[in-house]
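Chain naming follows the written order as A, B, C and D, and within any one chain the residues start at number 1.
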Amino acid sequence: MEGAAMGTPPIDLDGIRELGRELSNWGRWGDDDQLGTLNLITPQRVSAATRLVRRGARFALSIPADENGPHDVRTSGRFNPIHTMTRYRGDDPHGRLAEFRSAEDMVILGTHSSTHFDALSHLWYDDLLYNGVHHESALTAWGALHCSIQNLAEGVVSRGVLADLPRHLGTDFLPPGHPVRPADLDAVLDAAGIAPEPGDVLLLRTGTLPAQRRGADVGAGGSPGLTWECARWIRDHGIAAVCADNFAVEVLGPAGRGPRIPFHMLAIRDMGLLLGELFDFEGLAEDCTRDGRYECLFVAAPLNLPGGVGSPLNPLALK
Amino acid sequence: MEGAAMGTPPIDLDGIRELGRELSNWGRWGDDDQLGTLNLITPQRVSAATRLVRRGARFALSIPADENGPHDVRTSGRFNPIHTMTRYRGDDPHGRLAEFRSAEDMVILGTHSSTHFDALSHLWYDDLLYNGVHHESALTAWGALHCSIQNLAEGVVSRGVLADLPRHLGTDFLPPGHPVRPADLDAVLDAAGIAPEPGDVLLLRTGTLPAQRRGADVGAGGSPGLTWECARWIRDHGIAAVCADNFAVEVLGPAGRGPRIPFHMLAIRDMGLLLGELFDFEGLAEDCTRDGRYECLFVAAPLNLPGGVGSPLNPLALK
Amino acid sequence: MEGAAMGTPPIDLDGIRELGRELSNWGRWGDDDQLGTLNLITPQRVSAATRLVRRGARFALSIPADENGPHDVRTSGRFNPIHTMTRYRGDDPHGRLAEFRSAEDMVILGTHSSTHFDALSHLWYDDLLYNGVHHESALTAWGALHCSIQNLAEGVVSRGVLADLPRHLGTDFLPPGHPVRPADLDAVLDAAGIAPEPGDVLLLRTGTLPAQRRGADVGAGGSPGLTWECARWIRDHGIAAVCADNFAVEVLGPAGRGPRIPFHMLAIRDMGLLLGELFDFEGLAEDCTRDGRYECLFVAAPLNLPGGVGSPLNPLALK
Amino acid sequence: MEGAAMGTPPIDLDGIRELGRELSNWGRWGDDDQLGTLNLITPQRVSAATRLVRRGARFALSIPADENGPHDVRTSGRFNPIHTMTRYRGDDPHGRLAEFRSAEDMVILGTHSSTHFDALSHLWYDDLLYNGVHHESALTAWGALHCSIQNLAEGVVSRGVLADLPRHLGTDFLPPGHPVRPADLDAVLDAAGIAPEPGDVLLLRTGTLPAQRRGADVGAGGSPGLTWECARWIRDHGIAAVCADNFAVEVLGPAGRGPRIPFHMLAIRDMGLLLGELFDFEGLAEDCTRDGRYECLFVAAPLNLPGGVGSPLNPLALK
């Protein structure tokens, strides 16, 4: 295979703009909307999704938030989570030893440095964010005034459907730069017996980062993931959110001509689509393979962060 | 009412030790157990709890994790959450402006400084933590090796039952130092039509901190909350976790003779009981009053923090 | 005295622009200069200043960098320094106890939240920073590419001259909003027997914040300090830096018409003047009063922070 | 050369204890002393050191405090400095754009993660710190109550003498694990025309870490540095502080039998000797080679950190 993202059709900025207008959800849920495609998860969908739980099995979909995270601050500017004890011998708050002892700790977290949701204020182009708000009005040193992650404080609760691509392709993980195209999504979900429904959360397993954490040689080069074409597929199926176990949901090839992350530009800014990154589906995928059911109750509650443009997260799948 | 915690019977360290032995869950779920009373939430309980969702209504049970938090670092040593933008004009990672723009941010959080769970490694006495592990083996500068919050990565999912004490007493919030005793719990739950069951998460509403956030004068003095007697009540009913909208779940009176937080000592160390603090039940309580149903699906997933002795949290209630 | 900053003549944005052009040092030390008035401190001045040390007395000019700092993050967005132990019982790096024990800690510091220097990249107007560089070229998410504090890594070493205003006026500290005008500077230095020379560091004592730290009631309202007129006085005398024991060197009155910090605008952006804030001159001032010598060797080395727009600092005075 | 620290004579814990008693400075400057060997820098020494400045040349002795620091948090538990902009587009504190614009930033620093001094509370053995204080009294979650770095707030000002070992040996940097023994110190200083005097700050250049920062292959294995024998040499010459451009001042060989850092144990705990680490002497050393003068005015002011067990630092050398 020559070229890491072989098979990804090219798109330029004008192409993105045109497709963005076509797929746009601006105004669809009101001029003041800050939720985007999460509007597709109606209370009925929430309620129906809870009916998917049969065995009471729970799966954490997060990677450990620690210094072994996937970032190299020297190249990406994102540092891995820092966790430090601040008390562990057990002085009481005034240094005197009380009859009990206690321990405390703290975390320093880039909101995008471990498993996380991107707030819709995370990314834009042509000066405007989702729903047409100018970035200078939306984003201040004091946080996002528009589309902050706090809008999701009540959580994302819906049906999760697992697209387990490596399993479908009979491999442990997708190779570097492997593009996932709409037909691939159709095929993997079809084989899983899943017909996508409006409000679904698409759980995209590539297997790459989890394999890397386990010490596997996953190859150099870009991340496997969705091509920009999948934006229309997502729109057509009414998907409310896409969560993936890679860096950026979308395929990352070698830096070349054209915009580097066209899917992000269309998804976050034009469609108002919620993206989740650096997930871990290993445990869930194993269970799905075992019982042949590729759907679950998905529950993810970002921290209640006023002005946040993202949030660390520990999403759950229940079956 | 004279004395902030009037009506709280005294207990000394020997009394705690004796009661602790009686209520102890050490060994009950194995010598290596690190989950404590969460063992009471069986998969069947998880599954049954999801059946409580009827309308698909969602409630965030967290306070905003921001600088308006309840701590004064000068007196308590706990600082309020710090949220700061680290990029908002949109340079790409190498300072060059790309065709898109993005924003990023970070948070610095004491794990006990906003809505949180206490890991069972948070507190102990007589050198031993829950299940008899010595604090020097359990707690290191690198985090908790025993009973870290990471044991809860798969989340706490069970029935939540709301004990709305101020509503029951016809007030907006409990007065400073108001003790909540076993008979009070019986009365408020009985009036709500709730019969506690093993594995339940008790949601204790005092109304105090939320009222204070809204600007109300809640009086000086200690926090209202559970007396140490409630430990036995909790054991008898098989409660898996207690979450409250105050500082410490339990009543805090003026510093006086005797251990200051006897309930914590019994609950965390002897019973292995999960405690959640600084919750906000205002929205949920309003809804419960409206529809007369004081139970919900409770879902709370702490961050996936290796070695954490607590975790920031955005718990959800679904009805 | 009516009006906090009574006696401060008004100036509007156009007035600042005009005076800025007059006082401008752009190009004076080359088109690429990033040091501004620090160029006035020649090696000869450095050497001469060291001759001022007679007794070998040393004075720290910093306030403690701790949670008792002067900021209220809820109003100013600046949080006070956070210092936390990260190890104190003494595990070795792998949790095993070695034959020795050690303790470690960390600090989280806003670079302007305690005693600090402002880098010349800290403030600008009309889009251009000192020496005419556009703020979008100068400032990125990765730090300042122009006029970062790292340019001062070799330290500021020169003669310091103390303008002890409260002592001169026979009071403990200047009242709120008290304006210090050029004639006041002349008077106080003249009384101290100091003739300003090019390259001098002006140490401006108001006494206000130190008094507040000691618990004194310093009154409400703005900070006493320099009026914008002093910019010309500073230019005329070749002052290389001004350091003060208040928030902003300059006088802060009640928010009203006109630019709020005109002196900053002229000093940092047009003159390239180094400003130091939140200093503490109490010990030095006492000593100067005692021996009648109001000059010292001033040595201040900001941290070696690539891209920093300021730096925490512990400046020294030697006599 | 076989064995990284070839030539280092072995010492065991009992040997350290015995030598520690011999070299001990406990009580020498009073039972309450917290300064240790800094007492050797009398005001006369401070004053005399300022006379060493002839040309007004200044040298920063720090490495950049940034993410390119020498630590790998995954192995050492120490993270490199984090610097992040918190404002750079220039909103005023309430999000409204004022007539000026400003930028702000913050740093998160382990106090030992970049160029730093070790406070005397940083390390101990047999439960007692310098001057016989028990570690449980000295060190709390609130910081060091004994021998905190704040005791050094007035700075360290004395003669600095450069021991430029690689230049003396005609190499760019010392090889991994190269031991520096008392005779080596005598030889290098003698060749430099330096006779050590009480109160001197010994500046130990190995060249290793600076070479590594420049991209040189410095070899694997431990750090070159002082052997424990040098403790007596330092005591005999009345050296007040030792600063080095390596991790730990002393030689680090492969983990083997015996205490790993015997020099630290003797120096910090028994002698109360100030150690500075991760310095950079490259610029100073070049200058010394050029003019043949290996002495300078050394000025280093740690941050004013109450309770700190170390401090980031930007030390200066003046000639």
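One rule holds in what follows: a contact is a pair of C-beta atoms (placed from the backbone, for glycine too) under 8 Å apart; a residue touches a chain by one contact, two chains touch by 3 or more.
Just so you know, these numbers come straight off a predicted model, no measurement behind them.
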Q. Degrees of rotation, nearest 5, to put the Cα trace of chain A on chain B?
A. 180
Q | Homomeric contact chain C-chain D: same or different residue positions, threshold half | A | same
Q: Could you compare the number of C-beta pairs in contact for A-D with that for A-C and name the larger?
A: A-D
Q: Mind checking the centre-to-centre distance between chain C and chain D? Centres are C-alpha means, answer in whole Å.
A: 28
Q. Cα centroid separation between chain A and chain C, in whole Å?
A. 45
**Q.** Sequence positions of chain C contacting 2 or more other chains
**A.** 77, 85-89, 104, 106, 108, 140-142
Q: Could you please specify the touching residues of chain D with respect to chain C in the complex?
A: 13, 42-48, 50-51, 53-60, 62-66, 75-78, 83, 85-86, 88, 90, 93, 98-112, 114-115, 121-125, 135, 139-144, 150, 153-155, 157, 259-261, 264-265, 297, 299-310, 312-316, 318
Q) Which of the residues in chain A end up touching chain D in this complex? A) 67-68, 73-74, 79-80, 82, 86-87, 89, 91, 95, 104, 108, 136, 140-142, 145
Q.
Show me the residue ranges of chain B that touch chain D in the complex, using the header's touch definition.
A. 77, 84-89, 106, 108, 141-142
